[in-house]
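So the structure is just underneath, and the comments pick up after that.
Letters are used for the chains, namely A, B, C, D and E, taken in the order the chains are written, and counting of residues starts over at 1 for each.
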Amino acid sequence: MVERNPLLDVISHAVMWLGVAIVAFPLYLAFVASSHTAQDIVQAPMPLLPGGNLWETYKTALFGGGDGAGSTAPVARMMWVSFVTAMVITVGKISISLLSAFAVVYFRFPFKMLCFWAIFVTLMLPVEVRIGPTYQVVSDLGMLNSYAGLTVPLIASATATFLFRQFFLTVPDELVEAARMDGAGPMRFFKDVLVPLSSTSIAALFVIQFIYGWNQYLWPLLATTSEDMYPVVIGIKRMIAGGDAANDWNIVMATAILAMLPPAFVVVLMQKWFVKGLVDTEK
Amino acid sequence: MASITLRNIVKRYGIGPKANQVIHGVNAEIQDREFVVIVGPSGCGKSTLLRMVAGLEEVTGGEILIGDKVVNNLEPAKRDIAMVFQNYALYPHMSVFDNMAYGLKIAKVPKDEIKTRVDKAAKILELGHLLERKPRELSGGQRQRVAMGRAIVRQPQVFLFDEPLSNLDAKLRAQTRLEIQKLHRELGITSLFVTHDQIEAMTLAQRMIVMNAGNMEQFGTPEEVYHRPASTFVASFIGSPPMNLLERAPGVRPGTLLGIRPEHLDVTPEGGWDLEVDTVELLGAERLIYGRLNGEGLIVRVEEGSHAPAPGSHIHVTPRAGRVHAFDAASGKRIPDPTP
Amino acid sequence: QTEIQWWHAMSGPLGEWVNDLAKQYNASQTEYKVVPTFKGTYDENMTAAIAAFRAGNAPDILQVYEVGTATMMAAKTAIVPVGEVMKQAKVKFDPKAYIPAVAGYYTAPNGQMLSFPFNSSTTIFYYNKDKFKAAGLDPEKAPTTWPEVVAAAAKLKANGEKCPFTTSWISWTQLESFSTWHNTLFATKNNGFGGTDARLAFNSPLHLRHFDNLSNMAKQGLFVYKGRANAADVSFPSGECAMITGSSGLYARVSKEAKFAYGISQLPYYPDVEGAPQNTIIGGASLWVMSGKPPAHYKGVADFFSFLSNAEVQSASHKRTGYLPITMAAFELTEKSGFYKEKPGTDVAVTQMIRKTTDKSRGIRLGNFNQIRTIIDEETEQIWAGKKSAKEALDTAIQRGNEQLERFQKANKS
Amino acid sequence: MEKRVLFRSSWLPWALLTPQLAVIIVFFFWPASQALVQSLQVQDPFGTSVEWVGMQNFRQLFSDSAYLESFKTTAWFSLLVATLGISISLILAVFADRVVRGAMVYKTFLILPYAVAPAVAGVLWLFMFSPTLGVVAYALEHVGIHWNHLLNSTHALTLIVMAAVWKQISYNFLFFLAGLQSIPKSLIEAASMDGAGPWRRFWSIQFPLLTPTTFFLLVINMVYAFFDTFAIVDATTQGGPGRDTAILVYKVYYDGFKALDLGGSAAQSVVLMVIVIALTVVQFRYVEKKVNY
Amino acid sequence: MASITLRNIVKRYGIGPKANQVIHGVNAEIQDREFVVIVGPSGCGKSTLLRMVAGLEEVTGGEILIGDKVVNNLEPAKRDIAMVFQNYALYPHMSVFDNMAYGLKIAKVPKDEIKTRVDKAAKILELGHLLERKPRELSGGQRQRVAMGRAIVRQPQVFLFDEPLSNLDAKLRAQTRLEIQKLHRELGITSLFVTHDQIEAMTLAQRMIVMNAGNMEQFGTPEEVYHRPASTFVASFIGSPPMNLLERAPGVRPGTLLGIRPEHLDVTPEGGWDLEVDTVELLGAERLIYGRLNGEGLIVRVEEGSHAPAPGSHIHVTPRAGRVHAFDAASGKRIPDPTP
């Protein structure tokens, strides 16, 4: 920065600290809760420092078992389902969006804009709004209870198509021309040049879509009838679901933390690409 | 190797009433092994012409022949040409080697041969130690050479260059110019080179096409173009500073313009034209004197060794004999020299 | 081996219980395999099943909370009455063996049992003996009437308690059970048993009196509202609130978490009301059999149900979860085992329920009942927030609730 | 804006579009048209009785004061979420842009909430603010604020807004930071040579140059507040107290899922779709313009 | 108006062992109203030096004075200077008027006066009709002028320019050069101008600083620098084509280099040095002959009118008297001419 003003630096750090403290507090609390026993947490006010039950809690959360009262189905399996689902959704969304964006940008054909609009409108049509009929379709296609059913209906992506389109528009024309002179046909150009060039956008979308896929709740609940196809977010809701059940808050929080780890990992590791990919193409 | 023939080439962008004609019937024969430069101001249609030869742009009217074959409807890849782009258009994610090898890979040239050919091109262009690098790790000049390398390995019949030097700084530009000349001498491939820089055109061309607003104004050797410009346009476009075109100089017939290059005006103690000096610029080896004659601006170029006149003072200049040109003021066309 | 799909909404320890039941049954024979699947909360489970039914994928057995009963009953072609299932499979089935308040609830006007009672609960009263002692109240004597509750609350409050009394399930405990407990109608047409043209009636003087009473308690800080559904549950075992009315199923949690002496008692009533206390109303859920399955499935379902009605199984479940033993035999078996002596108060729920029911107390069966419950939550919250009087709130709730009933009537007339 | 060189093929573009088109036709447009059909019907939940009622569901909807109220609530909620979310993250981004040391650590913590599922976010905030268990509620009690989102509408709205904003800050923050960092340094230097201090520079240079980012985020945040927050509401307030936090999408979810009123819910879906399409058009228009310069 | 004094300026980036020293003690006094150009190859520290004067970069060692005041610790805004950036750094969201007025607004100059001053500057720069436009609606040259206008309206003591012309095309560059000169003549504000283009430096500078790798190699008028380069670096950096530096030419003492500019070699029928011709380039008014002398490359510059030798042929050239320079081969420093 232009000024050499120590006071401003101090203020900046103070603001950052405050921001971090507030933003991270709920997560810290979840962590603290997961390190105590269920009984400790229920006694208001709950302790604010980590307790000694950490290992116990996570073991119970991950592998089930325990004393019966606090036990649930193992989280490990659910994490796997979440992972596969999130990955398939992510890879699927990115692939079909790359193809569509390629078609829309590099070809001239009738109804081109109509196609683009049709894709674009789906941008904000969330599952909740069309869930019943969607379920019907999936069921008619016999895709219930499968990874296909969990993922394919969510695999269209306006966001990704749009982002790739924006990016493709910035790819210099000369590159296509060079490829054409080199004798590359459209698919060859797509595979050899366009896709490798889109790696930053792909990385950014990977983050967004992975999190989207990982955090799905309602759809998996409906589209699967077998508990070993449940993703972990359902696991959490399931633990705090109503009825007369005692909520084992420590396990709930442990599961919340576990459920958060993979996406957090993705976000933190890829944050640089994430921003770069979005900003480079978005503006 | 092959010649290139342009027959009455017309290009329109768009269709119907909104169509915009940018090339108005260009005819030219480029000989086998010749190095021809197309030069002209921005927007005059140089790139369009080149891109039609490349097959990247459809030809609206007329015919393009490479060798004896009409190529109007041939895919770019099938025309056996290679092109060097202004911004090089290197594949940013491929190494230098892969950039050069890409076209060959697509053509299914065997691996060994690809390697041999790339290595050879790299050696010619002194790129040997850079083969593993990515384009972004190269300097401008190096990128430029990779772009040329990519064209060379293809061993095409024709090279096309679209302002390949304009992104280089002055020094590198001069140096690369020499390299391109050398290369052409060695490989002898028919080349079409587009530039808007007349120095570049002059130094590189065996023959040059001067274009203006979609028309070919002149097609000749640099000497011809410089010494016998076909029009006021060519006269003022070629040469820096440009030729002085005077309406009111002593002895100019009405309806004509007198052309005289700055270096063909000699400062004389007296006689000749009386000039009022505006500014003087030192360019290193020479000086430019900006003055006015009967209210018309005029530039005189003198050796830096000579005395620099003060702004506001008056000097006398004399046009050198045999260096004066005459143009028709209305059409801008050259008025033929009286046959000696 | 025939697979029987069973969708349920039992989470946490209750989920375990369900899984254990299935395991136990599957181990007991080889012909059928019951596959339990957790499908979210009661309402999510039901929605999922409905969507599945529409798509032709319904499970064989579906757990539906009592609130959804009317909806299920109305869907005549979607379900197969349990009585029918049992008859077809020629499994011995005697509705009379069930606790009347339970069986009655799930029985059609023609006497046919429609669904199989599974995890039935009812409303009871819990109190914190330690706090009673501290406030100078007799910890061994639970308040049984509302005036006693108010008095106890006042004493607790005077002793510095921040939350002397709270309740879970406002509608269930303070309107529905309250009505049957006082043998008063919650809705016309015998609370809807008499037809879909029933309309809400919980703005009688008695209801108003009670809600004015609660409203005053809220104003004085004697009653503290802790949220919808069972959100208040946690505040009792945590020691925050000294008295609570809630589901008998809360017992599991109280016994596990409470670090104090607690007492369990019947739901309070107004002693001057004639016929009170009558019986409380059923909660929890029952199992419905979905239509359109191959005959073998129904045989399996019948077999599984008869396994579930087994007195030992019932009794074990009752002890484990706090849900009611739904047959008299199971109740007696549990009593014999000395469980009630060992854990005093665990029998309260049963004794409240085993009384003979009247037309007014048999239960409540209303369409769109879930929405009506939400409307009641929304409106009564205005009372606790001091924005509406009890009368205003109950009147609006009735008006809005009746709209739902009209809708339901319309949608189901064909 | 178009490419200069286009590949020529009449079938290839369609082949490329097929997977995406297939998915959106089968899983978006067909279901959406079904929703449209259902919005004109009254059905029992199991679909065993179906009656065409024309626009009745819509008439009912718009004569329902609860629904109109829900519009207002939604507008408020979205506005609050969008403005708070944007301004807080802007402040954080501006300071993060200034700090050099530790920037990575700060950033990492600030983007963590992005990884949390909305359903879980709701649970976390409920856990903190639960009048019974909540640490924050407990602390507030000690400073004299009697926190009770169960009965106090302001508290309830505050709670869902906080949870929703919390989840969205990360995303906004990343965009703003990137936006700030893409402003050429020489502009800042020029402004400081023109005599502008940090505060003035922010308002007269940085903020105006962030307008495209801000607008983009505004739309994204509105959409987020409109649709993605139902899980938060469901986990925390369930629309209460009264109906004071029942936003539109929660109502669709509630009526469709809990109340099993298919026709009514479908009618609401249709209304939402119209809003979605309007938002899409606005954003599309804007983005196109932006691309063009 | 004010002078600028640099006293032993040192700049290091980073701290501790990883620090990277980029300016190694520069001393210079720039007079009031003087126009000084800093020239040198990319990365030599020109911008760094300028930015230290501007206050955008901290000074590691030494003192910078503007007028009589040490400004090392003064905020940029308080130094009463204006700067024109290479990419112009115009505020893209403000109109041309607002761009120019911004600094004045901040300084709380009354509205009327802002208008008067902006209008005046706009008139000088012929921007009058563009005041309402946004920067993106301007051509490169116009943007450049707005950037200058923004500096002018401030009426500062000192102007700083960091390669302000490098984004313009050749023609516009030449023209803007003239404008800057005119402006300086009119306003007479002390100016520091950074460029890596030696032509620009030569034409603009009253005095110029030639930098090389963080050191000041020479500080003098363009004539001094051109005619008496202080080192081989200066000799080859200034002038295009650069001065020939010969080790093996006849009569060169071992350990020294002989320097001779291409235009100071005259082609003579015989005598002098015998040169083998490599290539010949026509540049318009003159020709460059690339040749070799005892295996060393050499460039000769001749008038285009003269005869062009064929590649491979031999010619004779004679260094012009009094135009030969001598340098120490090891240090590169100029060996003082024997006092005449």
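Simple rule for what comes next: contacts are C-beta pairs under 8 Å (C-beta built on N, C-alpha and C of every residue); 3 or more make two chains touch, one makes a residue touch a chain.
Which chain is which protein? Per UniProt: A = sn-glycerol-3-phosphate transport system permease protein UgpE; B, E = sn-glycerol-3-phosphate ABC transporter ATP-binding protein UgpC; D = sn-glycerol-3-phosphate transport system permease protein UgpA.
Everything numeric here is computed off the predicted structure, so don't read it as measured data.
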Problem set entry | Co-neighbours of chain D and chain B - touch as defined | A, E
Seminar exercise, completed: Counting contacting C-beta pairs, the top-scoring chain pair is A-D
Exercise. In angstrom, rounded to a whole number, how far apart do the mean CA points of chain B and chain C lie?
Worked result: 92
For this session: Express in whole angstrom the distance between the two chain centres, defined as the mean CA positions of chain A and chain D.
Result: 16
Seminar exercise, completed: dist(centroid_CA(chain D), centroid_CA(chain E)) in Å evaluates to 55
Seminar exercise, completed: Flagged in chain A as touching 2+ other chains are 2-3, 42, 44, 131-132, 136, 177, 180, 237, 240
Problem set entry | Junction residues of chain C, two or more chains touched | 44, 47, 54, 234, 238, 240
For this session: Note the residues in chain E that touch 2 or more other chains, in rising order.
Result: 56, 75-76
Seminar exercise, completed: Seen from chain D, its contact residues with chain A in the complex are 1, 3-10, 12-14, 16-17, 19-21, 23-24, 26-32, 34-35, 38, 88, 91-92, 95-96, 98-99, 102, 106-121, 123-125, 127-128, 132-135, 138-139, 166, 169-170, 174-175, 177-179, 182, 188-189, 192, 197-198, 212-213, 216, 223, 226-228, 230-231, 249, 252-253, 256, 262, 269, 272-273, 276-277, 279-280, 284, 287, 290-291
Problem set entry | Residues of chain C that touch chain D when the two form their complex | 43-44, 46-47, 50, 53-54, 71, 74-78, 225-228, 231, 234-235, 238, 240, 368, 370-371, 374, 377-379, 381-382, 384-385, 387, 407, 410-412, 414
Seminar exercise, completed: The residues of chain A that touch chain D in their complex are 1-3, 5, 8-9, 11-13, 15-16, 19-20, 23-27, 29-30, 33, 41-42, 44-46, 48, 95-97, 99-100, 102-109, 112, 115, 117-126, 128-134, 136-138, 141, 152-157, 161-162, 166, 169, 173, 176-177, 180, 185-187, 189, 211, 214-215, 217, 233, 236-237, 240, 249, 252-253, 256, 259-260, 263-264, 266-268, 271, 274-276, 278-279, 282-283
For this session: Show which residues of chain D lie in contact with chain E when the two form their complex.
Result: 184, 186-187, 189-196, 200, 204-205, 208-209, 211, 293
Exercise. Residues of chain E touching chain D in their complex?
Worked result: 54-56, 75-77, 81-83, 85-87, 89, 91-93, 102-103, 106-107, 136, 150, 154
